[in-house]
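Structure first, then comments.
Letters are used for the chains, namely A, B, C, D, E and F, taken in the order the chains are written, and counting of residues starts over at 1 for each.
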Amino acid sequence: MKRLLITGAAGALGQMLRERLAPMAEVLRLSDISDLGRPAKNEEVFTCDLANEEAVFDIVADCDGIVHLGGVSVERSFDQISPANLRGVYNLYEAARVNGMPRILFASTNHTIGFYKQDQRLHASDPVRPDGLYGVSKVFGEAMARMYYDKFGQETAIVRIGSCTPEPKDWRALGSWFSHDDFVSLIGTVFRVPRLGCPIIWGASKNDAGWWDNSAAGYLGWEPQDNAADHLDRIVSEVPRPAKNAPVAVYQGGSFTAEPIHREKK
Amino acid sequence: MKRLLITGAAGALGQMLRERLAPMAEVLRLSDISDLGRPAKNEEVFTCDLANEEAVFDIVADCDGIVHLGGVSVERSFDQISPANLRGVYNLYEAARVNGMPRILFASTNHTIGFYKQDQRLHASDPVRPDGLYGVSKVFGEAMARMYYDKFGQETAIVRIGSCTPEPKDWRALGSWFSHDDFVSLIGTVFRVPRLGCPIIWGASKNDAGWWDNSAAGYLGWEPQDNAADHLDRIVSEVPRPAKNAPVAVYQGGSFTAEPIHREKK
Amino acid sequence: MKRLLITGAAGALGQMLRERLAPMAEVLRLSDISDLGRPAKNEEVFTCDLANEEAVFDIVADCDGIVHLGGVSVERSFDQISPANLRGVYNLYEAARVNGMPRILFASTNHTIGFYKQDQRLHASDPVRPDGLYGVSKVFGEAMARMYYDKFGQETAIVRIGSCTPEPKDWRALGSWFSHDDFVSLIGTVFRVPRLGCPIIWGASKNDAGWWDNSAAGYLGWEPQDNAADHLDRIVSEVPRPAKNAPVAVYQGGSFTAEPIHREKK
Amino acid sequence: MKRLLITGAAGALGQMLRERLAPMAEVLRLSDISDLGRPAKNEEVFTCDLANEEAVFDIVADCDGIVHLGGVSVERSFDQISPANLRGVYNLYEAARVNGMPRILFASTNHTIGFYKQDQRLHASDPVRPDGLYGVSKVFGEAMARMYYDKFGQETAIVRIGSCTPEPKDWRALGSWFSHDDFVSLIGTVFRVPRLGCPIIWGASKNDAGWWDNSAAGYLGWEPQDNAADHLDRIVSEVPRPAKNAPVAVYQGGSFTAEPIHREKK
Amino acid sequence: MKRLLITGAAGALGQMLRERLAPMAEVLRLSDISDLGRPAKNEEVFTCDLANEEAVFDIVADCDGIVHLGGVSVERSFDQISPANLRGVYNLYEAARVNGMPRILFASTNHTIGFYKQDQRLHASDPVRPDGLYGVSKVFGEAMARMYYDKFGQETAIVRIGSCTPEPKDWRALGSWFSHDDFVSLIGTVFRVPRLGCPIIWGASKNDAGWWDNSAAGYLGWEPQDNAADHLDRIVSEVPRPAKNAPVAVYQGGSFTAEPIHREKK
Amino acid sequence: MKRLLITGAAGALGQMLRERLAPMAEVLRLSDISDLGRPAKNEEVFTCDLANEEAVFDIVADCDGIVHLGGVSVERSFDQISPANLRGVYNLYEAARVNGMPRILFASTNHTIGFYKQDQRLHASDPVRPDGLYGVSKVFGEAMARMYYDKFGQETAIVRIGSCTPEPKDWRALGSWFSHDDFVSLIGTVFRVPRLGCPIIWGASKNDAGWWDNSAAGYLGWEPQDNAADHLDRIVSEVPRPAKNAPVAVYQGGSFTAEPIHREKK
């Protein structure tokens, strides 16, 4: 690729990918509403509010691929989520449509299906059950991606990210962990395959205790290599076992299911 | 019921239901952003912008049931759709949550699945395939309803309305027609059953050529009585048969699938 | 048929069928542990404890068909359920096996699946979820029937009876009602078809609000004719609507799900 | 339609349709290898060996629709089946392709799935299980139809005809009967709908004891009106009940399953 | 765990687990109707007839976990199977319910589904097809477990044990083998996971030629490590290949399907 | 095995198997319409036109197993395909039936389902979608195999061969590659298992990017060992990436889907 855009590049995953994806494109274009520091060689840096249509058109122009991490990624108020996660997603797809339709990886989340229980095996085609306003906003984004694919042929990899951390940190992560290496290899696959389509992909490593069946996206040929079970001993010895009725042991979305609706103080 | 709220009561369906639902509650509370005329006896009339949180709390207070028709119901620009169909839906559910969780009928649409072809039979659990920004906004609303049900127990009947007209008007309506009588009887059922849950219900009559399998909502006991096939002779003789590759003959969403993205002139 | 055996003929259903099935066979053989009164013309009357192997062999001998209603049909202690519903069922199948394998209608119950919720549509192939010891005993009986079919070719109609009363008596019965006429017509079908096999049949009328999909047994050609919805107005006006979280409104097994384990006083 | 071709018009079904379909087109073109008698007004009559490519091109030219009944329709030797049912079908599709692709109704058969048992409910998507060389030849024809649809857009209604007789004649027909009226109404539907596609349609009336689920073709809006169960009393009184293990009581294909391979004497 | 109960500890599997599970709990409580020998350090030994309610309450008291192997595990007469496998299971669940509901591993069997053919792939949700009275008794036990889970929250791992032997001993075991190591690791998993629920788990190693899909229990994170195919050469060279129509080659339950009903001599 | 017949032994796959299968039988009988060269020790060589019934009976006589590769294996005219692929298959099955029913491996093809898209995961039970006359002829062969199994018990392994080449040669082969080693091991399995039945087996290696789910044939215990992904780097660097809308990137059948109907010049 000539130019790969990473939105939300100042966030935790953004920083990791800024480093790891450098070899994947001649130019890495980074955008965030927060400070991104000084560009490295081969980097372009943009400050961008995703809710600003013009700004989004600017960052998308001339890109061959987009890793869209930008927006709110935890439970927040509607006022906080709406600008980037609703309007911002619309802006991104419109910008892509009029700029040659570069392939997009859309960072969705397991919180689109967080209210399923941990003893249920899910396929990409199962109905959504978001666990909060954040999850609802990502359902909106997934629907936007699908509509642009059906109407215009815009390709997107919808990645429902699990628990993307350097190591699995708790009992729930035995099912939901998504290693950095596996995320990076998935991105490589997404931008390499001749035809992507618009699959929903479970962003998770090949965890023994995983809940998600990725066979619908099997045609991509992506095979995660890491397994949270390799960290089982550490978790057993270091992390208290949750009660069997704790949300974090019951629901795939874990503690998000127990969050209240956040409302602005007035 | 003591007080039933109809939002979007000035629209075509709203006017029809204003008349038909009068016997269903002691007071019919009507709201719209447009003029609703003078209240009849037993009517309360509110002018309300659904994007205005306070206004929405006012109309929801003291209601026992809500028929939520309000918002944009055709393909429009994001700026036109967003206030009522995104923020407005959030406002409505928050208002319901803090006002005793009256049962809600949410008017969704077949345009959440408009890109399925007409030779495919759909179940309520099939993935969405919206056919435009309007369809995407309704996917958002459906997700909001589901989240409030899973998190708080708020009951909603999500009704994916087909072609709700006095009579089926074209070839596509042989599959998608939803008669006024059937809509009214569905509303009666929704507010009568002891337990509603949060089903997705196909809002269509029992058309011979229907595409939608309502068995997942069968427990409600609602049985539509009308059948577009009773109007077949008229349609055959009066309405030109579309070409086999015309969007209106190919897709369940019909001509919506061929609409461009509407953008504001600047 | 020459001789049709009805076990449990002194129970409520047994008495009804004693009258209604008389035209179906030259001789009606009736058995019960309770008093059956004086035999009518063309009746044979046996007092029989189903737990008594010899007695069961006696009543089965020379029969062409068996309607097995005998045993406990409500929630009771294990000591009360076990003799007739466990050993008794074994006795019946052994007796049938060595007596020419007359076709059997086995009265099972919706309480084999009582813990499914009322918003779930069930097929005959769905896993059991019994709602008490009675339901567990009927799962045992169904398994016995299936085993004798697979091993020996013994045919059985396993009928999971819903609410078999002259009229539907409450809100739950809108889904579960099984009219006497429909039960009688089912029995006629079961003993008429050239090949029965060993189907699980939902014993319910064609209720608008039914939960059970009988398509797996469709090959029998039995079509129930009654519909609890025809009694809707009466129920709405006479029977208080249950709370949405009451077991009778939540579970297909209704109040049985809330029964404790009955234990003998000692 | 201007000109509708019926192949195999001298056979039993052909003669019936010759009479019944007359009002459906300005000209009825009839072809058969056997004598068709003198053409009525508005009829064209062709003697045609379906294995003869040129002859087939001649009969297809200038037609708007084709009802393809031609070929062998019972179990015969490979030498007898092959010319019309293999080469003949290829000839027909090539002729259609180069002659404007008139819509085709292809008369397939339940003998493509004859080895399924009568207690199994089938969908159009279930794998084939032909019950003889005749059934195998029809699987070939169905595959040809599907290939021409996928490759060229040629539309075909693949109709798996059950037991198409004036009245149901035996116990098996309680499941498989296809009344003449229902066949005629199906043909009307096939040539009326704006978009046909290439569905597999079970050619059967709405028999209470039917085995075949037509929901995949539901979008056509065809609803059979007849029911073999209306003839139940006659069959019970006049037709001996088959033994439970007789092929005609076990398999959907009935006695065809017990036919040997027919081989030519040499 | 403080105290782990193993019932049926004098049987073949019981002896193996007595040795292998010692490290898993501070105290291993062993019970059997047969002699268990002298307790090792950290062992408690009980002689117990499972049909004796009081005795069962005694062994269950103060346990944190139960591995329930007790009862008859081959085809026997109803009189032999009933005490431990029917009443005994009821006794165990009642004892657990009133003693703090320790987690239970219930040793069920592949003979609950023994009449499925070896070319069919089974999921935990497939209907049972027991191959004898023993299999029927285990269906009863599985239903009891499920009912206590739905009604009281009692957790059970229902393990349908295949062929649990040190090495696979015949051709059928290429599909059904369950190595001792894999059983032990499964037990470790069952008592370690935060939330068990009430899954049906296929007790089999990861055999290339396995019939059983364990994905429904995948959330537990148990991955068997052994594979009967590693013993293929030995079996090919030492064990005669069964005829293709022998029960042991046709049915998953193998020779059990050909057992008669065992009846007591009188 | 005593005598294993390979038909089509002069073709590319035939030559490979002639070498690789030598150890599998005492005598390798080879047949082809083309020259097979001189027989090696332990080889028998037959020139045989598969359309010739007598000749086929000759080659089948006295064989214990058959690997049927014979016939046309690319898109050709109907006249070229018909003799070997239609009549030839019939001849083979008749010859097998009257010669002790030796087990058959029938070389079918992915072109029976070539019109499925590459983002669809297929099971053996999915409906066929052939991509040309060649694919249609193989659907015919598969149906013949199934009919002889249902009617006579003749066992066949229907192998839908993917891209069987020494190494994967293009992007499509990342999904469809079938290594020679894996084909050989499959043949070993097919002739070793006690009971084969009549499974459809996807002839493909365990490619990361595979489209085909072989679980329905899992009972055989065949596990492919090769993976086209091990050749990914070479393909990426040497083979141009196809356009996302090229048939070879869209359809499982690749370029076959774009072939015209081949017709003889006259």
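Assume contacts are C-beta pairs under 8 Å (C-beta built on N, C-alpha and C of every residue); 3 or more make two chains touch, one makes a residue touch a chain.
Protein identities per chain, from UniProt: A, B, C, D, E, F = NAD-dependent dehydratase.
Keep in mind that what you see is a predicted model, and the values were worked out from it rather than measured.
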{"item": "Set of chains adjacent to subunit C (NAD-dependent dehydratase) and to subunit F (NAD-dependent dehydratase)", "value": "D, E"}
{"item": "Both-way neighbours, i.e. chains that touch subunit E (NAD-dependent dehydratase) and touch subunit D (NAD-dependent dehydratase)", "value": "C, F"}
{"item": "Separation of subunit B (NAD-dependent dehydratase) from subunit E (NAD-dependent dehydratase), taking each centre as the mean of its C-alpha atoms, in whole Å", "value": "52"}
{"item": "Cα-centroid distance, subunit A (NAD-dependent dehydratase) relative to subunit F (NAD-dependent dehydratase), in whole angstrom", "value": "42"}
{"item": "Distance from subunit B (NAD-dependent dehydratase) to subunit A (NAD-dependent dehydratase) - Cα centre to Cα centre, in angstrom", "value": "31"}
{"item": "Residues of subunit A (NAD-dependent dehydratase) whose C-beta touches two or more other chains", "value": "none"}
{"item": "Each pair of chains that touches, named by its two labels", "value": "A-B, A-E, A-F, B-C, B-D, C-D, C-E, D-F, E-F"}
{"item": "Complex interface listing, subunit A (NAD-dependent dehydratase) residues touching subunit E (NAD-dependent dehydratase)", "value": "118-121, 171, 174-175, 207-211, 213, 229, 232, 236, 241-246, 249-250"}
{"item": "Contact set on subunit C (NAD-dependent dehydratase) toward subunit E (NAD-dependent dehydratase) in their complex", "value": "78, 82, 86-87, 90, 94, 97, 112, 115, 124-133, 135-136, 139-140, 143-144, 146-147, 150-151, 257, 261, 263"}
{"item": "Contacting residues of subunit B (NAD-dependent dehydratase) [partner subunit C (NAD-dependent dehydratase), same complex]", "value": "155, 192, 194-197, 199, 215-216, 218-223"}
